[in-house]
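Naming follows writing order (A, B, C and D), and every chain is counted from residue 1.
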Amino acid sequence: MENKTVQILKAKRRALWRQRFMENWRVFMRNPLGRIGMSLLVMFGLMAVCSYIPPMIDPMYHPMTGVDPKVVSSVGPSWQHWLGTDFMGRDIFSQLLAGARVAFLVGVSAAFMSVVLGTAVGMTAGYMGRFTDTALMRLADMIMVLPTLLVVLMLAALFGQLSIWMIVLMIALFRWPGVSRIIRAQTLSLKQRPFIDAARVSGASHLRIIFRHIMPNVLPLAFLYMTFRVTSAIVIEAGLAFLGFGDPGTVSWGMMLQWVWKTGYMFQAPYWLLPPGICISLITLSFYMLGRAMDEVLDPRLRDETQAG
Amino acid sequence: MALLTVENLGIGYQTAKGLLKAVDGVNFSLEPGRSLGLVGESGCGKTTIGMALMGLLPPNGRITEGRIVLDGVEISTLPEDELRKVRWNEVAMIFQAAMNALNPVKRISAQIMEAIQTHRPDMDDDAALLRVEGLFNLVGLPLERLHDFPHQYSGGMKQRAIIAMALALNPKLVIADEPTTALDVIVQDQILKETKQLQSQFNIGIIFISHDISIVADVCHDIGVMYAGQLVESGPAEEVFFNSQHPYTQALVSSFPTLAGPKTKLAPIPGEPPNLTGTIPGCRFCDRCPKDTASCKLDHPKWQQVGPGHHVLCDHC
Amino acid sequence: MRKYVLKRLAQVMVILFCILTILFVLFRLAPGDPVTRMVDPEMTPEESQHLIEQLGLDQPIWKQYLIYLKNCSTGEFGYSIHYGEPVAKVIWEKLPNTILLFTTAVLLSAMVGISWGKIAAWRKGKATDLGMTIAALVTHTLFLPWLALLLVWIFAYQLDWFPITGMVSDEVWLDPDAGFFTKAADVLYHMVLPLTTLFLIHFGSYLLVMRSSMLDTLKEDYILLARAKGLTERDIRNKHAAPNAWLPVVTSVGLSLAFSINGGALTETVFSWPGIGRELVFAVSQNDYPLAQASFMLISTVVLLSNVVVDVLYAYLDPRIRY
Amino acid sequence: MSESREHKTILQLEQVSRFYRTRGNVFRGGGRLVVALNKINLSLRQGEIFGLVGESGSGKTTCGRLIVRLEEPDEGRITLGGEDITHLKGKKLKDYRRQVQMVFQDPYQSLNPQVTIADSVAEPLITNKLGDPLDHLERVLKVLDTAGLSPSEDYVYRFPHQLSGGQRQRVAIARAIVLEPSLLVADEPTSMLDASYSAQIFEILQGVRDNMGATIMFITHSMASARYLCDRIGVIYRGHLVEQGPAEQVINAPQHPYTKALIDATPKFGRSSEVPTYGTLLAAERPATSSAGCPFFRRCALAERLLCAGTYPPWHDVAPEQVALCHLLQDAAPAASSG
């Protein structure tokens, strides 16, 4: 074939994908929820990145071990401590920054793991059908009705203090069934669609059908559910830390709330009580808004409400 | 006096890409007890007209020009409250997707009674139920299925239930929007025959919307052929289909396989209908038209009379 | 229908059995001596010997498992180390408190959330909808314990309108003259803040689910037909759209129950509401394994049973489903 | 059927049946058995367009799916060019599908929304490892032209939602013919399309037969389309083939009461006087007395209670090459069948 034609076609192909991306991005950014969520997340991302700075300035600002020698109990905001200190003289602002890091770490890694697991299980169950489907879905049903926070608590009761990675793993292990049910339903409906039959008639193998035809159609949905899973993972970790069962080696926002609550400062130290709570709530909100804006990108029905006929 | 007069009707949808003129400059009228078939391909604006006649355009759609007069009342400008009294009482509708037009969690009888009692508030339940039973007999539905839920009905039965509902208040005008599209030929045939029979029995005016010219030719007295939001040819059924003047109608007729007569080669219409967002300067069919001339692209075509009651929107007929 | 309920109950039994088995295995795998974890060190040797025999801790492992299953099925979960009382007794006392708070909160937030969601969907894009959606989004994503602490700080500490913690005031309940209504009013007075917390967190999710479900329903053809029939907007909304929009909401209520229970436990802990959720948290922090295990089992049972109720309700609402 | 073409059988269905079990329950075991196809005998001749006509739920789609082996028959045998393909598996099945392709009913559903037109059409080439990506592109461009999408460069890099229904169906046809199959099953390819598009599709299908020499099985509910496109027609009623013969003959002189009823019901487009009305359909279904009888017994106005309700009807050679499944018919004179 003529080389020039090939070149033109390649350009067309690139243009097609670029156009599709830009279209989705426009719909996403047109949505105020998407814009607000995105900017909040950028802010929290910056916080997480900045969390490395304070300890470098002065070990006193280390969120966990740093103690201001001049301070013996919690004091309010000052030049040295923008948001004040906690009961033993640690800087609240640097704790808050460190908390952002932990929130992202917990939220994104737990969500990623549970979504990967859920998608794999959902697609397997939906595509294989029969016994595999029944078995996997019964398992999912069983795990789904268990309150995750209490399950992790129970595990803490059995095994003692859990490390942050243990907690992430547990959240991932107990939060996949919701995803897998959705993905399975989607896979089942895709499996019914004639384009799967068409692929089979074209001679496509099962693996090719799964990866080439089903996966591209369920991935957006899996990605959407990841944003919701991030919020639930952050909330579960924070709740666990708040109850005193977090990883004692990390400073998370939930842990900060636990300290202000347990040390009895909550009635005197609003500068300590407010920031971590606001942060948890806002990061949850921003992921949630992100998800809803993404939902709109995925759901073409919402976009064109015109029907001429 | 005409039962229904539509004058210079224009309907637009507000879309992300600007105003979409789904219907443009449509005129027709309907005498009581007559039936008018609107035919055309999907997207030609026929369903939009049906919805406008009921005052049921979607939120982003509105009548941009012209008027609709039903029985001496201009319904295109009626306030919502007044319009509500006209609906079903004077104009009833048989929907395109009868399969989904019945509420799945309510019994059939309750749904028909509701239509009656909304407009006859003084009618008690027993009287309304009696009326529903009468309607069931009329459309040939078994009375023992009166209190079923929609999912217990077959497709044909659902369509009959909708027809019964449409007749509940003795409307003067019924709009039938592709009433048989989802049905099998045999059921379709039965329902069309019943519809014709009920129409003459109760002297109802019918606007019959379909993409299938053979059905419209069978059922309707008059035909309006629509293309890209405009009426392009109208007149008595025999005239429009067997003495077609507009190139689009001719193409539509010759691209339709039939059972009777000699087996002729079908002539597919090349190309695609135009995009209706924005303005189109000349004739809308000219890109696909064999008679296309330079002037067609530039000037709006004019209506010509080509026979008794037979009009066509083309400068070359 | 009865057959279906029985089938679902059988499923619940199977799931409970699985949970019990997993707990048993994990308990054996966990570090530490089972006997010291199950038996209060302050017991007399005779008492502890009796308990060990009752729990079968001196038996071979398979026999232990059977005894464990038997004990669990008869509600014998051993002795609480902290209270020194049979676990069953401790948690049975707390169960009504939890059910009182939790059921009220779920019903209240569902009622408000669903009716507002209906309105929000109907006025899609207008100020009412925007205000409601934003309120729902924000309250729904608030961090629950923090919200609880804020409420305590503002309404109990600063304004002193409500008690800070607890479920009853001693002076009312120890007063021999206090009648039923006085006592009930006292409980209600204590319940305001925890109830507000749970309500604020939950009504938003119901509202959002109902709203999107209504919006889906409004695209259906039967809504168009109802409009064509000349029904008033109000009738279309309440008689045609809402009964159909209910269905997905019911499903989602069922699925979110487990998640709500997490919030219930946190609320009980912050407000020292004497319920099983708080008991579980407390037991874990006190290393009181028998108590923790029993509260966990009881909570799981309640969640599982509520799910059955939700499924039955769904079947009742949707005529297309016939079991 | 033109005289010059030799009657060489390419595909043969012998006594093919397909059952579906409705969803049962663990305690009661399997559900009801539904017969989708009942002992179908069919043979397709090399280079013809065969129309399979029936209502929805009659089993016509199942028949198509059995031929491309999306489903396996429960009984009977299917052969292609003499080779038994009834229970092919794995590599052999893949090889078989290089010769047999299918076009599906709904063009809005038969193309993967996430895959470009180029990749959709190239899929059979990729899975069968025929050539490199550049060859694929070349063949895709060529076959899109054949399917009436020209200039094909404008269409290759688009997503399905950017095309109209008629264009999508042409893409689907392009995908089906890119391997130049010897047999093409077209399952109601025009029922979701407007009339002007369906005429285009008919034209392309005729082109596929005439230029590529493919045999086509055209599945439809419309007698008129079948008459227009097909050389021979088979009429199927609730899983039973009831009449089969040359298209013009079946339509102008239908023999089976059900075929007659179908022709009665089809709108004649203003020429109703030219076609007689047969009136073989009962207004209301009569109760069945046994399951052994004629499948059409419950709706047949002509049925004789004893004969038709009790025994399964035999095949009659009602005219040259035309057969019908009915008790009430008789074999035509032998002289006629030889001519």
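By our rule, a contact is a pair of C-beta atoms (placed from the backbone, for glycine too) under 8 Å apart; a residue touches a chain by one contact, two chains touch by 3 or more.
All values reported here derive from a predicted model rather than from experimental measurement.
Enquirer: If you tally the C-beta contacts for A-C and for B-C, which one comes out higher?
Expert: Of the two interfaces, A-C and B-C, more C-beta pairs touch across A-C.
Enquirer: Which chain is in the middle, if each chain's centre is the mean of its C-alpha atoms?
Expert: So the chain sitting closest to the middle is A.
Enquirer: What whole-Å value do you get for the distance between chain A and chain C if each is reduced to the mean of its CA atoms?
Expert: One centre to the other, that is 25 Å.
Enquirer: In angstrom, rounded to a whole number, how far apart do the mean CA points of chain B and chain C lie?
Expert: 54
Enquirer: Could you put a whole-Å number on the gap between the CA centroids of chain A and chain D?
Expert: Centre separation, chain A to chain D: 50 Å.
Enquirer: Could you say which residues in chain C touch two or more other chains, in rising order?
Expert: In chain C, nothing touches at least two other chains.
Enquirer: Quick check: what residues of chain D touch more than one other chain, meaning two or more?
Expert: Touching at least two other chains: none.
Enquirer: So which stretches of chain B touch two or more other chains?
Expert: 42
Enquirer: Could you pull out which chain D residues touch chain A in their complex?
Expert: Result: residues 65, 68, 70, 94, 97-98, 100-102, 104-106, 109-116, 118, 123-124, 127-128, 134, 137-138, 153, 156-159, 172, 175-176 of chain D touch chain A.
Enquirer: Note which residues of chain C are touching chain B in the complex, please.
Expert: 220-222, 224-232, 235, 239-240, 243-244, 317-320
Enquirer: Could you list, by residue number, the parts of chain B that touch chain C in their complex?
Expert: Checking each residue of chain B against chain C gives 54, 56, 84-89, 92-93, 95-97, 100-106, 114-115, 118-119, 149, 151, 162, 165.
Enquirer: In the complex formed with chain B, which residues of chain D make contact?
Expert: That would be residues 55-56, 164-167, 194-200, 202-203, 221-225, 227-229, 248, 251, 261-272, 274-275, 281 of chain D.
Enquirer: In the complex formed with chain C, which residues of chain A make contact?
Expert: Chain A residues touching chain C: 141-142, 144-150, 153-160, 178, 231-232, 235-236, 238-239, 242-245, 254, 257, 260-261, 266-267, 270, 273, 276-277, 280-281, 284-285, 288-289, 301.
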